[in-house]
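There are two complexes below, and they share chain A, which is joined by chain B in the first and by chain C in the second.
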Partner chain A sequence: MTDLKIREQDLVDNPTPRVPICLVLDSSYSMSGEPIDELNSGVELFFESVKNDEVAQWSAEICVVTFGGFAKKLLDFEGIQNQSIPTLSADGNTPMDDGVNMALDLLETRKREYSDRGVDYYQPWMVLMTDGEPTQDIASSVYRTVQMIDSKKLTIFPIAIGDGAHLHTLEQYSPSRKPLRLKGLNFSEFFEWLSQSISRVSQSTPGEKVELDVDGIKDWAVL
Partner chain B sequence: MHIPNIFFDNKNNQIILNEKIGSGGEGDIYSIEGVTSKVAKLYKANKLTSNKITKISLLVEKQLGFPGICIPTSVLNNSTGTVGYIMTKADGKDLGKTVFIKPQLEKYFPMWTRKDLVSLCISIIKKIKFLHEHKIIIGDINQFNILVTENENYFVDTDSYQVNNFPCPVGTIYFTAPEIQGKDYKSFLRTYDQEYFALATLVFMILLPGKAPYAYQGGGNPAENIKNKNFSYPFGDDISWRAPKGVWEFIWHGLPYEIKETFYNVFRLDKRPPPDEWLAKLEKYYLGIENGDYDDTIFPQSQSRNLEYVTTNIGGADSYGTDETRLGYSSWNKIGIIELSTKAVKYLSRSMRKRNDEFQFDDFYRKGELTLTGKGLDNQNKMDMDYFKNNVGFQIGKMVNSARDRGRVDYLYTIATAAYRAATNKDDILSLIKNDYGINVKILSKEEEANATLDAFLFSIGKKKNDLNGNYLLIDMGAGSVEISIFDKDGINNTTSMSLGTTVIQNILLSNTNQDTELNQAIRDTEKFIKDKTKKFLQSKSLPQIPIEKCVGVGTAITNATGLKGNKKQHGFVLEIDRIKRKIQSTNERLTTNFVVVGDIDFENARRNRIDTLLSMRFGLPILIEILAYFKIDEIVVSGTGLWYGIYAQKIWMYNENNKNQKELI
Partner chain C sequence: MMDKLFIKKWKCAGGQVAGLGHEKFNIPGQDRVAIRENGLIKSIALADGAGSRKKSQIGAEYITNSICDISSVKFNTFYSYSKKRIARRYKNIILNSLKDASKMHSLRIDEMSSTLLFVVTDGIKYIAGHIGDGIIATIEKGKIVMLSEPENQEFANVTYFTTSPNIEKHLRIYRGYLKSKTGFILMSDGAADGLFLKATNTFSNVILQINDWLKEYSSDVVSKAIVSNLNSTIRRKTQDDCSLIIISEVKENINLLSKKNISYLRDCLNMTRRDAILKRVKIIKYLLNNESKKGNITSEFGLTKKTVAKHIKEIKNTIITGDN
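Coming up: the complex of A and B.
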C-alpha cells in the first residue's frame, strides 16, 4: 500500500474526530547546538505522550514544517501510529513566511480530505516557534493566519525561544493570544503541556470550548 | 490544603477514605475503608455549590437502587458540612476509550460480536428507562460517562443529572438535539424528547462504533450538521450518497429495517422514540442475529456498493417541446408514433391496409427496444449524455429509420415520458435527438400522459371519454412513476403521480443494500418501504374514495401478472386480487430460489433474463394491492394498449375532427 493509500484508509476506518496540529518550527542556523537538541527531545516527548493517550492517539494528527534555509515538510498529517518521529537539524536563515504558508497549505489539503470522507474534525492548532527574526516578508502568511483565526478556523500558539526572538513578529500572527516566551529551553515542559491539552480536546466534541490548563503554562513560559 | 480524612455519611456513620482512585475537573474519587462496593467523591474546594448539594440530597432521597447506575447513595460530610457523596463503585473503561475506537474495541473486547453491541444498547437503555420512570433526565449522555466491561456497564458522573428544577449544567454537541444546539445548558431544563435524541445518538454510535450520525461527506462542523439535520444514510428513496466513506454505510445496510427507519425518523424527521420502543426493536434485532437473519460481525467484510448516484425521484414538470416531424409526403397521410419511455424506445404504426375501423391488435406494427433510459439520470436528475447517446440515441435512430424507410410514415409523432420530464438537462437531450436523428420530441405532462393512456384503452374498445358511464380509475405502473387517475365523461377529474416506478424501486433496493446483502432481506425491506410509502401517499393526497365503475391497469407488472404472453392476449384480462397475491408469492419464490444475495443479480443485463419483469411484478403488485384496497376494488382490467396507442388514437380523432371530408389518416 502506498503512503497515500494508508493516509486515506485510516480516515475511512477510524471514526474518531481529528485534531490536526501543525508544528511550524524555526530550524535556522541560530538554533544549532543545545537549542535544536532540546527541541528534538521535546518533539520526541510530544509524540510519545500523545501515543500513550488512549483517545488522543486516534485523534491527533501532527504535521511538522521547519524553516531553516528553506521551508521543509518533515512530516505530513496522518494517524500518529503510522508516523515516525522526525529529527530537526539547524541550518540557514529564517524563511518564516514560507514555513507558515506551507503548513497552512498542508492543513487545507487535510481538512478537505476529512470533509470528503465524512470525518469530523476539531479546529486545527498551529504551534509557531522561533528564536529570531524572519529573513523574508511575512505579510502573506500573516494575512492568511489572521483570517483563519478571525473566522475561528485556527488556534495559534506563538512561542518565542530565547531573548533573540522577535515578539512583535509573533504578535502579528496572533491578534488575540499573546505570544509566550519559553522559559530557558523548557521544550519538554511545553510539549508535555501541549499533549495534555490535546488530550482534553480529543475528549470533547468538535466545536466545543475546551478550557486549557492555564496553571500548567507557568512550567514552560516566562509569565 | 490538608483535608482531614474522617468523614460521615448521612446516618452519621464514620467514613474513612483510603487512596485516591480517580480524579476529574470537579473533584477526586476515593476508596472507602472497609467498604469495597462503594466509593466517595470529594469535591475540590470551590466546586461544590449549594445548588449542587441540594441536588445531591435529592438524588440520595430517591434511594434508587438499580445495578450499574452509580447515583449518590449518601452525602459525605465532614466537620465543615457536605463535601461530597458516596456512590456505588463503577468498573471498566468509558465508551469513548473502548467501543468508539475500533482498535481499542478490538483490544479490550476481542470476543465481542454485534450481539454484544446490541445487548450493550439494551442494557444502557434499560437504565435510562429506569431513570425516566423516576423523573430523572440524564441530560449529559455521552461516551465518557458510561463505563463498560465485558459484561456490565456503569453510569457515572450522575451528580449532573437533571432532577426537579435543577438542570443538568453540562452537555456535548454530538448528543444535543438540533433545537438546543448552542444553548447554555445551565439555563434551561431538558425535555424527555431531547433526551431521546441523545439516546438515539448513543445507540447509533454503538451500532456504528464511534461514528457520529451526522458525519457526512462534505460535512462542516458537527453542530451545523446537527442543526441542518444532515443525516446522510440512505433510507428508502431518500438517498444523498453522502454517507461517510468506509465501512459505515455497509454496517447501515445490514441493520434491520425497523432500526434504520427509527434512526431516519430521529435524525431527519425529529421523531424520537422513547426507551420502550427502542427496547422492543433492539430485542428483536438481537433475536434476529441469533437466528442468523442478521450479520453478527461488528465490521462487515463487504465493501462493494451496488451502484452510485442514481435517481430515486423521477417526476415533475410540464409538457415541453413539439411532437410532430414531417417525414414524407405520400398521399396516405400515414402516421407513426415513437414513445420514449423511462425504460424503452418504442415505435408504433398501423398497417396500410387498415383504415379507421375497429381496433385489432394485428393491424399494428410494433417495435420496442429496452434502453433503461432512466438509469442515465444521476441523483440530481441530470442525464448522462454519453450514456444517453450510447444506450438510447442509436435506438431512436433505428426507430426513425423504420418509420421513414420501411413504414413510409408521413407524420411522425414522438413523445417522451417520466425520465425525460425529470431530467434537468432536457434541452441537451432534445437537441441531441434533433441534431442526430432529425426529429422533434414532445415531453408529455403527467396529465397528458394519463389522458393518452386511458384513450388507448378506450380506443381499443371503440369508445371515447364522453361515452363513459361512471368513474374510471386508471393505474399506470411505469418505470419512473405510478400514475393514478380518475376519469369520467368530462375527462380527468383527478390525477396524481407517485415516484415509485419500477426503475425507481430497483434503485431504492440497490441504494439501500450492497452486493452481499441477502436478497430475502433486500426484498422484504424494499417492499416494506414501498407499501408504507404508498399508504401514506394515498392518504396524503386524499384521493376521493368514490365508487369506481371500472379500473384499468397498464404497465409491465400488471400485464405480466396475467401470466399470458403478448399484449394481444393480455388485453382485457381481468385480474382479481387473489390472483395478484398468488403472483407475488410465486415471483418471490422464483427470485429467491435463483439468487441468494443482491450481487447475484446481473441488473445491467436484467432485461435479457426476465429479471426485470420479475422485479417489476414483485414490487409493483404490492403497490397495486394497496391502491385497490384504498378504492375498495377487487379487480382490475388489464390494458395491453399503452400510451403509444393513445397518442395514435388522439391524432386520428383530431385529424378526423378537423378534416371531416378529407382523406383520413392511417
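Coming up: the complex of A and C.
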C-alpha cells in the first residue's frame, strides 16, 4: 500500500512576502555630535533586532536615504542577511524634499522588481526623521507622499527630533497619522518598537489589520 | 469484455489546520472546508476567514455548509442558468447564510468575512465559484491545470471577501462539461504557499500524489492523511492557516473489487452496511462469471426479484467500460 506521507522536499519554495521599509534620515549639520551618534546606535540596534527576529529577517527589506547637504542613498533594498549596517555622518543643510523624493523613487523601483519576480509584498513603510526645518520647498515630495497615503499605498512614520523640528512640517507629509516628537534622543527605543512592528506585519494574513503597539509608543515619544 | 468494466465514482477528501502564526498568538484556525454527496452530485467548499475578524471562522463554517447543502439539491437547476444568474443565486446563498450566522451568534455580518472557493459536479458537468485568494485547479490527463487564480489586491495581506462591497464583481463563476477533467482541487493561500510556485505558475506533484491516494484508500482515510500532512509538512511553508479539498474521479476494475478492504468498498459502492456491501460484490462477481445466467440470481442468492433488480440498476449506474 502507498505511504500517505508527503515529503517536504516535494513542496515548492515561494519567496517570503516582503515588507519594504525606507528610513529617510536627517543628517544635516545640526545633527552633529550626540544626536548623530545616538541615531547611528539606534539604526544599528534596528538592524540587529530585525536580523534576530525569526520571521522579520526573511521579510523586511531596508533602504536608508539621508539628507544632509544633498540627498544620498546610503543603503539600497536587499535581504538583510546581505546588508552591512550603514554609518551616518552629519553635514550640510536640510534638503528634505530631495530625500523624500529619492526614497519614493527607490520604493517604486523595488515594488516593480518584486512584481517582475513574482514576489508578494506588504504595504511599504517610510520613516521620516528630522531635527529642523527643510532648506528647500517640499511641495513636490509632500504631494507624492500624500497621494500614496490617501490611496493606501504607503504608511509613514514622521518623527521630530528635538525642539528645533516643527511638527507642522511633518504634518504636511502625514494627513492621517500625527507626527510624534522623539523623547530626548531615545532612538534605540524607537527602533526597537519599529522592529517589533515590522515583525507583526510580516506575520499578518489577508484581512488582518495590523495593530501596532500603541502602548509601546510612550517609551520613545512625547505624547 | 468483463475485464474492461469499471466502477466510476467521484471521491472527495479534505481538511484544514491552524497556521503556525495563529498558534503563536493563540488564535483559532479560521479556515473551514465542507463536503456533501447527494447521489451522483458532489459538492466541495473551502473558506479562509479574514485574519482581523476574530469570529471569521463562524462565517466560514456557515457559508461552506450552505453552499454545499444547497448546491447538492439545486445543481441541475443552477446549471441551466446563465453565469450571471448563477452568481446572483450564490451571492444570495452567502448573504442568507451570514444573516443566519449573525442571528445565531450575535455577530455583525462583517465580523464573519472570508474568502470562498467551491466546486459542484454530477460527474458530467460542473459549476465552480471563487471569491478572493486561494486557488482552484483541475486535473486533466495527468496534469494539474489552473482553473481560478487568487484575486489579490496589490499587497500580500489584502484580498476580497464575502462581505466586500460589490461582491458580484469579485464572485467568479465557472461552468461547463467535464470533458477531460478528472479532478478538482481547492486550496487556501496558506496551503498554496507550499503547493504552487508563483514565479513559474506551476504546481507541486504532491497534488497528483494526493489524487492517487483516493485510488487506493477510502475518502475518510485520505481526509485524515491530508490533515496529518497539512499539520506536519505543508503548514511549515507559511504562517497562515492551511486547507485543501480534492474531488477526483476514481475508476475501479470490477475484477479487482473483491480484493479491496471494506472501508474502500463502502466508499466505492456508496453503501454503508457491511453485509449489503459483501452481497453486492458477490452479485457483481456472479454476473461477471455468469453473464448468461442473470435470471438465476434470485435463487442463487435467495433474494427477491425486486431486490435483484435494485442491485442490477445500481450496478449499471456506476459501471462504465473503458481502459484503466
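Just so it is clear, the second predicted complex is superposed on the first by the 206 of 223 C-alpha atoms of A that agree within 3 Å, B and C clash if a C-alpha of one lies under 4 Å from a C-alpha of the other, contacts with A are read in each partner's own complex, and residues count from 1 in each chain.
One rule holds in what follows: a contact is a pair of C-beta atoms (placed from the backbone, for glycine too) under 8 Å apart; a residue touches a chain by one contact, two chains touch by 3 or more.
Quick caveat, the model's predicted, so the values are computed rather than measured.
> Given the touch rule stated above, what does A:85 touch, chain B (first), chain C (second), both, or neither?
neither
> Check whether A:146 is in contact with chain B, with chain C, with both or with neither, and answer first, second, both or neither.
Once the two structures are laid over each other on A, A:146 reaches no partner at all.
> Once chain A of both complexes is superposed, is A:5 in touch with chain B (first), chain C (second), both, or neither?
In the superposition, A:5 contacts chain C only.
> Taking the superposition as given, does A:74 touch the first partner, chain B, the second, chain C, both, or neither?
Touch status of A:74: no partner.
> After the superposition on A, what does A:217 contact: first (chain B), second (chain C), both or neither?
neither
> Tell me which of chain B and chain C touches more residues of chain A.
Chain A has more residues touched by C than by the other partner.
> Overlap of the chain B and chain C footprints on chain A, residue-wise?
11-15, 17, 55, 117-120, 203-208
> Using the touch rule from the top, collect the residues of chain B that touch chain A in their complex.
96-97, 100-104, 144, 172-174, 208-212, 215-223, 232, 242-248
> Quick check: in the complex, which residue numbers of chain A touch chain C?
1-2, 4-8, 10-15, 17, 55, 117-123, 153, 201, 203-210
> Of all residues in chain A, which touch chain B in the complex?
Touch residues, chain A against chain B: 11-17, 54-55, 58, 115-120, 203-208.
> So in the complex, which bits of chain C are touching chain A?
19, 21, 24, 48-53, 56, 113, 115, 132-133, 152, 154-159, 161, 189-190, 193-199, 202, 204-206, 209-210, 212-213, 216-217, 221-222, 225, 228-229, 233-234, 236-237, 239-241
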